[in-house]
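Same chain, two partners: chain A is paired with chain B first, then with chain C.
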Partner chain A sequence: MTRWGLGLRGRLLLAFAMLGLTTTALVAGVSYGQARTVVLQKAQDAAVLSLVDEVTRLDPVRELPPSPEQLNAIVAALAEGPDAAAVLYRDGYASSGLHPSEIPQPLRAEVRDGRVVWQRFSRDGTPTLAIGTQLRTKRPDGSTEPTGIEVYRLHPLADEQHSIDQLAALAWSTGAASLVLAVLLALLAARGVLRPVSELGRAARRLGEGDLKTRATVHGSDELAGVALIFNQTAERLERQVGELRRMEADARRFVADVSHELRTPLAAMTAVTDVLDEEAERLPGDAGKAARLVSQETQNLAQLVEDLIEISRFDAGTAALACDDIDVGAAIRATLRSRGWTDQVTIALPDRVLAWLDPRRLDVIVANLVGNALRHGAAPVTVDLRAVDGWVEVTVSDYGPGLTPEVRDHVFDRFYKADSARSRSEGAGLGLAIALENARLHGGTLVAGNRSPHGAVFSLRVPRGGTA
Partner chain B sequence: MNRPTRLLLAAGALLALLLAGCGVRPSDVISGGPAPAGTVEGVRFYLLSDGEPTVVLRGLKPMRLDEMLSVLAAGPTPTEQQAGFTSEVPADIAPAKIGVAGDGVLVSLATEVRGLSVLAVVQIVCTVQAVAGDAPVTLVNGEQSRGPLKCPAYL
Partner chain C sequence: MSRVLLIEDHHTVREGLRIALTRQGHTVEAFETGEKALAHLSAAPADVVVLDLMLPGMDGFEVCRRIRANQDLPIIMLTARDDDMDVVAGLEAGADDYVVKPVQARVLEARIRAVLRRSTTRAADPVALAEERHRELTIDRAALVVRKDGAPVGLAPTELRLLLELSATPGRVYSRQQLLEAVWEQGYLGDSRLVDACVQRLRAKIENDTTAPVYVQTVRGFGYRFGPL
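Right, the complex of A and B next:
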């Protein structure tokens, strides 16, 4: 935008219109002036020649000073059609259609120099040509001398004025037509310039929105095409680098998945062994029993971690699938709490018969993670609410602990994130909430963390009742 | 002055110029060729108008030169006097005699040629030349003579 608030289109329009107007004004003005000069000159020359011719062919002058009859005869011979004539001799005159005082004074002064003279002037608003000349006479020696008779004729230029007015009208209409043409051309040019610009703008917006495959169309080889080319190169480089990053990330995830799978089998064997060890631990003396229990506990944690990693890998790989069923959500939550042995520590508000199309195993994982977290990090009482709102099921797990600091809230769903760095390892690897979130998303729902007043953390799970299927 | 104002002024000036240049405008006096000469019939005499020798025509039958000089000596007619013509030619130049001197005209006047005023001499010479054409004119009276003379070309 310029100072005047004009866009590129407006500026182009203005420039073209000014250019068209100036050019037309100059061309039309100059040719109008030329044509007018030609028209006037032709008319004047014809009128002057005609008068000179008629004066030359006048009946011979017989008396000087001329008698009034003689002057009248000359006037009668010279006044014709719309033309008015006057003949002056010293103080006397004869005229037809005009009074001598109407003859322009400068013209009368110039006539005395012995040449034919003429002048345009406005007579009652009509442009008129006044022609004046002496009537001279030849001497025997060939030279001429003035007889003292002056002849004037007024020739109206109305016809010429009409022609010139038509010329002017033509010039004006030419100007108007050229202005229209200039505006049309400007619109065309603006389209030609603006289309690539807006295309480029759209492409940039798409790129900004994350569509890295976006490319601008390159038209021709002008400056805009150069910009489009640079844009395309930038987009290409960006796409390549992002692709590289994604490939590296995928590699890393696949590595984790592979490792987890590879660890599963030996871990199963180890678990079997530690189960036996656990049973024998009672009978082992002192430190040996402690060590056996420690090994057993850590093996269980490791097995859980590997299971979590495998679960996360499935989400990352997009192979996690829902196995939905029509379930009573309240009953499912109660079952979860019961199986974990948390029924006594949790206050529940679960209406009956809230049916939803959900994967019972994944709902169990989510609820277990949320409640487990609340029990571990929050403070009693931990409550689980269930509400059915429109097409949604909302499960809220809240506690009366210190709540989440803003920093924790931003990262609480990150993998391996531990709010308390001094937390003991045995309490989990920090994958639980990440897995819960992935499960919620898989159902097409949301899982948000927040605080409630006066204190305490709230985790809300919202999933559609109909499921995503 | 900012840009829009300047642009508007320029456009206005251009428009004013276009509008002012329209139509047929008055002009100064334009000079063409020499004034045309018509034909005259009658006898030319030269009288004085405001001290300038000026031609007058008298619708008379063609006459001899000596007769013309007698008419010139008689002075302006009442009509001519009314129109403001005068004459300095004295009445006593008549009767005049016309002769030939070389390729010129010899005019013998009845009065002293030395006593004639310049304007009177011009009147006589021009009147004679109006008939005799280009031939120079010599005025004589006994031993006195003026000329050969020509009618001044500025007339």
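Right, the complex of A and C next:
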């Protein structure tokens, strides 16, 4: 099918899904990241400012080291709400909600250096902001100096984390929705593309099957519509050309029919007197007698040829008609053989009372052709068998000659085909089997050529007993 | 031997047939148009007519009907192989038989002899001397006369032979082939339309209602029979 074994529909779906997923992931990912940073930053800034502000508003420490009571008072002031706080001075400390060992070490080092620092870390699975600074004391000149009292506050970021989680969930659901939307859009697009494509496919198939009037429907003005337009133009040209060819063929056939009809009148006059010529030839001296016999013989051949051509023309024009009757097929075959003087040369196996609804004249033409050919080209004994099988009548004419070569067998029913041109020049024009075949078909039957074992040709005629009429 | 009236418009065909039939011993009067032939026939009788269907002026069918209107002499049509419809029309117009052109003299001669035999030979059965009665129909096999309600029925030779053949064994079914063999002497190679057309003409003359025939009945798929009455 295609490179990946996917149809056009599958590929379109895949492409749209990928596009939807990528876009959603990108947009959702970036906005999630951005929102997270902003939320955390804001919480962090607020927490830091709040601590610094609170620390400056504490009662100043008058003397160092501070008393444990003082440290406890500071902790009590700073530990509010969910926040935990700790105050350390050298080895002493006071704390609420945390142990000093929980404070990250790098943080403490920086605080000892006098800076205000903060750090996010996970405390028992909760994201927590740790902020640290030193208490400062005012100098008489208004400037401040660190006191060495470290103040820490742990501010849990649970609320912020919750907001961020909600953002993430929103991003996920938006992604899923856009994926569904992308698939729906892909299906819609595939339908839009595939319907004209499959319509075109159907039209092409009908055209291939010989329906030259087939045209594709042109939707809109896109590339597919262009293809449909080109298809229609091609089909139109094809129809025109085939029509032209058929017309020429019909003209040629009509010409043959017309010529044949024109030849008929002079031939009728000549045929009427061939018997006279034959009788007189006996009495004419030498060459004159031979000439008279030759003219008589060839007149009959020519008359037969013209009648065959007219008969073929009628088959071609579709005007050949059956004149059927209830026929005793065996008796009809005997009559055919008798009327041509073949009774003694042919072995027959004809059961009595095989009745069929056939055109007796056409049956005569078929049987006479088959037996005539067998007698001329085959070798004795020539046999004619008749069998009735179910609704069919089968007449088989076989001989013990050399049989048919594959080449002859393929063409034996062709018009003017002669298996052995040197031998059969004066034995008919080669229309006999073509006419026999047409006659068999007119009855809704078949005529096939084959070989018998060990050698010899077999022609089998099968026609329905009830006829097609 | 017998007087043949030949009607054929093509000069060479007419001449060829005239030569051939004359050699067979017939007296041939040949004409190129139906009008001339009919004019001649009214003055001088003939035994058989050989008639081309395609004629200038009055066509062969009309000639056939005009001859039939006055006389019961046999008519043989000359026709082309592909004029199937013409054959039917010609037989309905009253022709007894037809031959396909081009025709050899001996074939035409055989047909002429066959139709002449129909009009001259007596019934083969010498015992049947008395007239047979079949309802209104009386058949005299010896005199070759058929009467209906006492009045003679004018039957052409072929029609008469067909009636004699069928009525010889009332109730027996004859196939078209058997009738072709017995009446037309053609058997299996004959055209069964000859029989059908002749039956139609015969019915028109002897039946009271041709749509419901009682004398010559059709046996579908088999053929015809006389009666049963």
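The rule is simple: the second predicted complex is superposed on the first by the 432 of 469 C-alpha atoms of A that agree within 3 Å, B and C clash if a C-alpha of one lies under 4 Å from a C-alpha of the other, contacts with A are read in each partner's own complex, and residues count from 1 in each chain.
Note that contacts are C-beta pairs under 8 Å (C-beta built on N, C-alpha and C of every residue); 3 or more make two chains touch, one makes a residue touch a chain.
These numbers come from a predicted model, not from an experiment.
**Q** Check chain A with both chain B and chain C modelled on it and let me know: fit or clash.
**A** Verdict on chain A: chain B and chain C fit.
**Q** Quick check for you: in the superposed arrangement, does A:127 touch first (chain B), second (chain C), both or neither?
**A** Only chain B is touched by A:127; chain C is not.
**Q** Is A:332 contacted by the first partner chain B, the second partner chain C, both or neither?
**A** A:332 sits against chain C, while chain B stays out of touch.
**Q** When both complexes are superposed, which of chain B and chain C contacts more residues belonging to chain A?
**A** Touching more of chain A: B.
**Q** Contact-wise, after the overlay, does A:240 reach chain B, chain C, both or neither (first, second, both, neither)?
**A** neither
**Q** Quick check for you: in the superposed arrangement, does A:273 touch first (chain B), second (chain C), both or neither?
**A** A:273 contacts chain C only, not chain B.
**Q** Once the shared chain is lined up, is A:254 touching chain B (first), chain C (second), both, or neither of them?
**A** Once the two structures are laid over each other on A, A:254 reaches no partner at all.
**Q** Between chain B and chain C, what minimal C-alpha to C-alpha distance in angstrom results from the superposition?
**A** Superposition on chain A places chain B and chain C at a least C-alpha distance of 75 Å.
**Q** If you lay the two complexes on top of each other, which residues of chain A touch chain B in one and chain C in the other?
**A** The answer is that chain A has no such residue.
**Q** Please output the residues of chain B touching chain A within their complex, sorted ascending.
**A** On the chain B side, the touching residues are 4, 7, 11, 14, 17-18, 21-42, 49, 54-59, 79-80, 83-85, 129-134, 151, 153, 155.
**Q** Given the complex with chain B, which residues does chain A contribute to the contact?
**A** It comes out as residues 4, 18, 21-22, 25, 29, 32-33, 36, 40, 44, 48, 52, 55-56, 58, 60-65, 90-92, 104, 106-107, 110-111, 113-122, 127, 133-141, 143-148, 157, 160-161, 164-165, 168.
**Q** Spell out the part of chain A that touches chain C in their complex, as residue ranges.
**A** 261, 264-276, 279, 300, 303, 307, 310-311, 314, 319, 321, 323, 325-328, 331-332, 334-336, 339, 360-361, 364
**Q** Which bits of chain C are touching chain A when the two form their complex?
**A** The contact residues of chain C facing chain A are 10, 12-13, 15-17, 19-20, 23, 80-82, 84, 101-106, 108, 175-177, 187-193, 221-223.
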